[in-house]
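Following are the structures in question.
The same chain A turns up in both complexes below, where it pairs with chain B and then with chain C.
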Partner chain A sequence: MEKFDVIVVGAGPAGNAAAYTLARGGLSVLQLERGESPGTKNVQGAILYADALEKIIPDFRDSAPLERHVAEQRMWLLDENQTCTGVSHRDARFSQQPYNRYTIIRARFDRWFSEQVKRAGALVICETTVTGLLKDDAGKVIGVRTERAEGDILADCVILADGANALLGERAGLRPAIKAEDMALVVKEVLFLPKETLEARFNISGTQGVVIEIAGNVTHGMVGTGFLYTNKDSIAIGIGCMLGDMKRQQLTPYQLLEGLKRHAAVQPLIDGAEMKEYSAHLIPEGGYRALPQLYGEGWLVVGDSAGFVNAVHREGSNLAMTSGRIAAETLIALRQAGKPFSAANLAGYRQGLDESFVMADLKKYQGVPELLHENPHILDLYPRFVGDAAREILTVDGAPKRDKQKKILGELARRRSLLGLLGDAYKFWRAFR
Partner chain B sequence: MNMLAEPLLPSVNVEEKLFQDRYRVDVGRPHIKLRDAAVCTACAAKPCTVCCPAGCWRAVEGGGIDLVVDGCLECGTCRLVCDEANVDWNYPRGGFGILFKFG
Partner chain C sequence: MHIAVCIKQVPDSAQIRVHPVTNTIMRQGVPTIVNPYDLFALEEALRIKDRTGARITVLTMGPAQAEEALRKCLSLGADEAILVTDKVFSGADTLATSYVLAAALKTLDARTPVDLIFTGKQTIDGDTAQVGPGIAIRLGWQLLTYVSKIRELEPAARHIVVDRRAEGGVQVLKSALPAVVTMLEGSNELRFADMPGMFRAARQEVQRWNRDSIGVELAQVGLKGSPTVVAQVFGPRPKAVKALRIEGETPDAIAEAFVDKLFADHPHLEDAMLEHLELLGQQGVEP
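Then we have the complex of A and B:
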């Protein structure tokens, strides 16, 4: 039976970052991907964070398929009265190279990343689903089982980069079952428009792009958010809600998406666009408190499979790439020191993560999932209030401003008691400090 | 939950959306199965019929479930929302299933 130093399961950002770094570090690497080619099973908004990729491939900008650099970020609160209240941040420095964030199309980007992995010396095999992990009598992971005939393959270490569903770890007893309460379901469409039309609608030119993050009652009281990103000649639009909420109500995900697309603030931006793909994906949004065991005898878990998502800042792919890189660096250092890939030695992976932004950010927001789960009104009452208050203030109708102010505050008091307001403020501060 | 808002949202034919997607269907080898059809019939809530983003799960007359996985987007939602753990969920064989053009 063939044996490798490391088998990487999955060719998303985490798996590719790990396989690339390992191959460059001189280890023999087999990467298995179930898709026809890398990227055909993967879904993301998608925003690429240059910093995380630069630390792996410093000159990625020379060859990676990038759509637009993010020149402007908008944050919108939408509600069913067709209001849109928000802030925009456009900074000329975001349009100076080297750019910090890019929109990408994952099927294209992942294929490019995989080419770099192959060039670095890893063996990449697609169209192969890993169905289980092989263990020795002591319980150490020693390889993987694939669906192919004689499909068992051995390795000194297996990196699980198998994505949000994390079936392999669960079935091998390495982690508890994933809970609906910790996962968000996102549905997305890619809408094509002529480049000139798109640039005129978003007030952009060259490679400039706009990112819109959306909250408010478009999720109909469920904990969730929406997004709208500009690619070169297409728009990615999507909406996601926590599955724990979604299973307790009667709106389908595609109805929610249709509601977002028809919102008065969104519809003119996508008017006349041609929809060329509809997709769906889970995002692990349980945060720090939902993290599984991250390593053990002969195995490591990276990216979405480990639950590395900063839901507050809508970041995931950078945590994925960084965790993949740190996992690989841990293995390379152990191999160079002649040490085995035992659980005790692989603890260095956790240490590396702890010293990085990955764990720092996950820890910082560890109270947020619980806050939103227990206080769903925060994403409903306040956005709605902001919209109503703005409309009151901006409607010039002869009423004195003091009366308007009184009316707004009275309305807030009607919707939430002073104690409730103070309680929310305190809980908010605790979760986000 | 704001149930009153429901009528405000349009009904959507998800098949029209899925028509834009590329698949290589593994004919005769569905990757998702019911463990026990009777459990679905006895289930009143049927969250799978609401949450599945591809509309693969349909309630049928008599209280049962009709599951057709050809349009599956392989997200894993049905497995997680089923309180009865009645979903036998696997990824399709390598190369089969949804093939995202953009992702």
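Then we have the complex of A and C:
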């Protein structure tokens, strides 16, 4: 039977970061991926955060397939009255090299990343699904079972980078099943638009790109957000909500997406574009309080499979890559020290995460999922109020501004009692401090 | 017994998109696959290997990335893979391709004598079905096209018996070895590679042969050696066809009206039918 130092299950950002770092560190690595090639099963908005990748492949900009650098970010509140209230931030320094964030197309990017993994010396085998973990009598994970004949493979450590569903850990009894309450379902389309048209519509040139994050009633009051990103000659647009909410409201993801695409603020941007690709993906958004056990005897879990997603800032792939890197560095250090991959020793992985932004950010927003879950009005009442207030103040109709101000505040008090407002403010402060 | 299987890496035609502005085929980003017909050829060779322990060499002419397709064949059980690749080979039509492949097969045959060459009946991107026969002619070997079944294979007696799909029926053909066989779709079901096969495919070296390895005339390869010119590519224009409603009191009346209409529009069809009926009459068969 084949045996490796480490088997990495999955070839997304977390798995690739782990496999690459391990192979560079001199360990024998087998990476198994169920897709035909890395990237065929992977879905993301997608924004690449340079910092996380730079710490793994410092010169990635020389060869990675990048679409546009993010030169401007807009944040929009949209509602069903076709209002759009928002802020935008463009800074010339965002357009100075080295760029900080990029839009990417995952099918291409993941293929490139996997190429680097192979060059680093890992053995990458695709079209092979891992169906379970092998354990010895003491319960230590000693390898994986694949769906193929003679498919058992041994390893000193297995890194679970199997994505949002995290079925492997669940099947092996290493974690409970994920709850619908902790999972967001996002649908996305890639719409083709000629480069010149796209650049004119978004007021960009060269490799500049625009990112629009969207909240408000386009989610029909459910906890969720939308996005619109510019690629070289296409637009990625998507929207997602918590799975539990969708189930309760009996709304389908494509209804939400169609609503978003028809919105008066969005429609002109995508007018005449041709759909090239559509996809859907689950995102574990339970945050810190939903984190499973992260390591054990002979195993570690990284990326989406571990629930490393910062839903507030819509970050995930950077947490994934960072967790993959830290997992790999933990194993490399143990191997160099001649120590086994026992649960006690793998606690170093958790420690590494705690010292990084991954856990710091997850902890910071640990109250947010619960806050939004228990106070769904926050994503409905306030965005709507902001829109109405803006319209009131910007309508010049002979009424004195002081009266308008009173009217706005009166309207707010009518929609939410003073006590409710104070309560929301306190809860908000607690969740986001 | 030594079997050579010729394959081609082709774009997955199910996933080809047309550029919305220029209307050209967007090849970039389109996944590539092993030509599906060639996989029937490979599976047939693998079944012979299962029975007789034959050795299988799979080869293709193509760019560097065609190695992926060869590795897929290795994972399924091919013993050896050869990528015939050289920048002078690019732009080849079927004439130049069969020339290069035949030269590569001669080189292979000189090293380890080849008894059988398998290939798919055609590719899904070119659809010509010319390369297989081209190889047979150039090698001077027996040619069996559109084969749906291997009935008998006697390595010792040096012959093969196959079912060949022909117009209106099946021919059972016996041929001496060596021979070239082009396989029909649906003739077998491809196996699922086992894990040791996947490891072998990931690790084994794919041999690379260039113009010097197989000794070819430069004037006969690539674009230079290709008399075929693609003058124009265009999609079929949709024809304006009107639907016709045929009505009648009874089913018989509807059928009669339908046949009358059919024969009125296609007189040659009526002639052919009458001839056929006459023939049946002579044979004493009630039509």
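We adopt the following convention: the second predicted complex is superposed on the first by the 433 of 433 C-alpha atoms of A that agree within 3 Å, B and C clash if a C-alpha of one lies under 4 Å from a C-alpha of the other, contacts with A are read in each partner's own complex, and residues count from 1 in each chain.
Everything that follows uses one rule, which is that a contact is a pair of C-beta atoms (placed from the backbone, for glycine too) under 8 Å apart; a residue touches a chain by one contact, two chains touch by 3 or more.
Just so we're clear, the structure is a prediction, and the values are computed from it rather than from any experiment.
> Just checking: does A:T128 make contact with chain B only, chain C only, both, or neither of them? Give me first, second, both or neither.
A:T128: touches chain B and chain C.
> I'd like to know which partner A:L198 touches here: chain B for first, chain C for second, both or neither.
In the superposition, A:L198 contacts neither chain B nor chain C.
> Which partner chains sit in contact with A:A107 here, chain B, chain C, both or neither? Use first/second/both/neither.
both
> Mind working out whether A:K276 is in touch with chain B, chain C, both or neither, as first, second, both or neither?
After superposing on A, A:K276 lies in contact with both chain B and chain C.
> Name the contact category of A:N42: first (chain B only), second (chain C only), both, or neither.
first
> Scan A:E150 for contacts with chain B and chain C and give back first, second, both or neither.
Only chain C; A:E150 stays clear of chain B.
> Mind telling me which of the two, chain B or chain C, contacts the most residues of chain A?
More residues of chain A are touched by B.
> One more residue to check, A:V8. First (chain B), second (chain C), both or neither?
In the superposition, A:V8 touches no partner, neither chain B nor chain C.
> If we overlay the two complexes on their shared chain A, which of chain B and chain C does A:T252 touch? Say first, second, both or neither.
A:T252: touches chain B, not chain C.
> Output the chain A positions appearing in both contact lists, the one against chain B and the one against chain C.
Overlap of chain B and chain C footprints on chain A: residues 36, 40, 107-108, 127-128, 146, 148, 276.
> Please give the residue numbers of chain A that touch chain C in the complex, ascending.
Against chain C, the touching part of chain A is residues 2, 36-37, 40, 107-108, 123-125, 127-128, 146, 148-153, 192, 194, 274, 276.
> Could you pull out which chain C residues touch chain A in their complex?
Touching chain A: residues 17, 20-21, 29, 31, 192-196, 198-199, 202-203 of chain C.
> In the complex formed with chain A, which residues of chain B make contact?
1-3, 5-6, 8-12, 14, 17-18, 20-21, 24, 45, 47, 50-51, 53-55, 73-77, 79-81, 89-95, 97-103
> Which residues, counting only chain A, touch chain B once they are in their complex?
These residues of chain A touch chain B: 34-36, 39-44, 46, 80, 105-108, 110, 126-129, 131, 146-148, 164-165, 167, 178-180, 183, 185, 187, 189-190, 217, 220-222, 234, 243, 245-259, 262, 275-282, 380.
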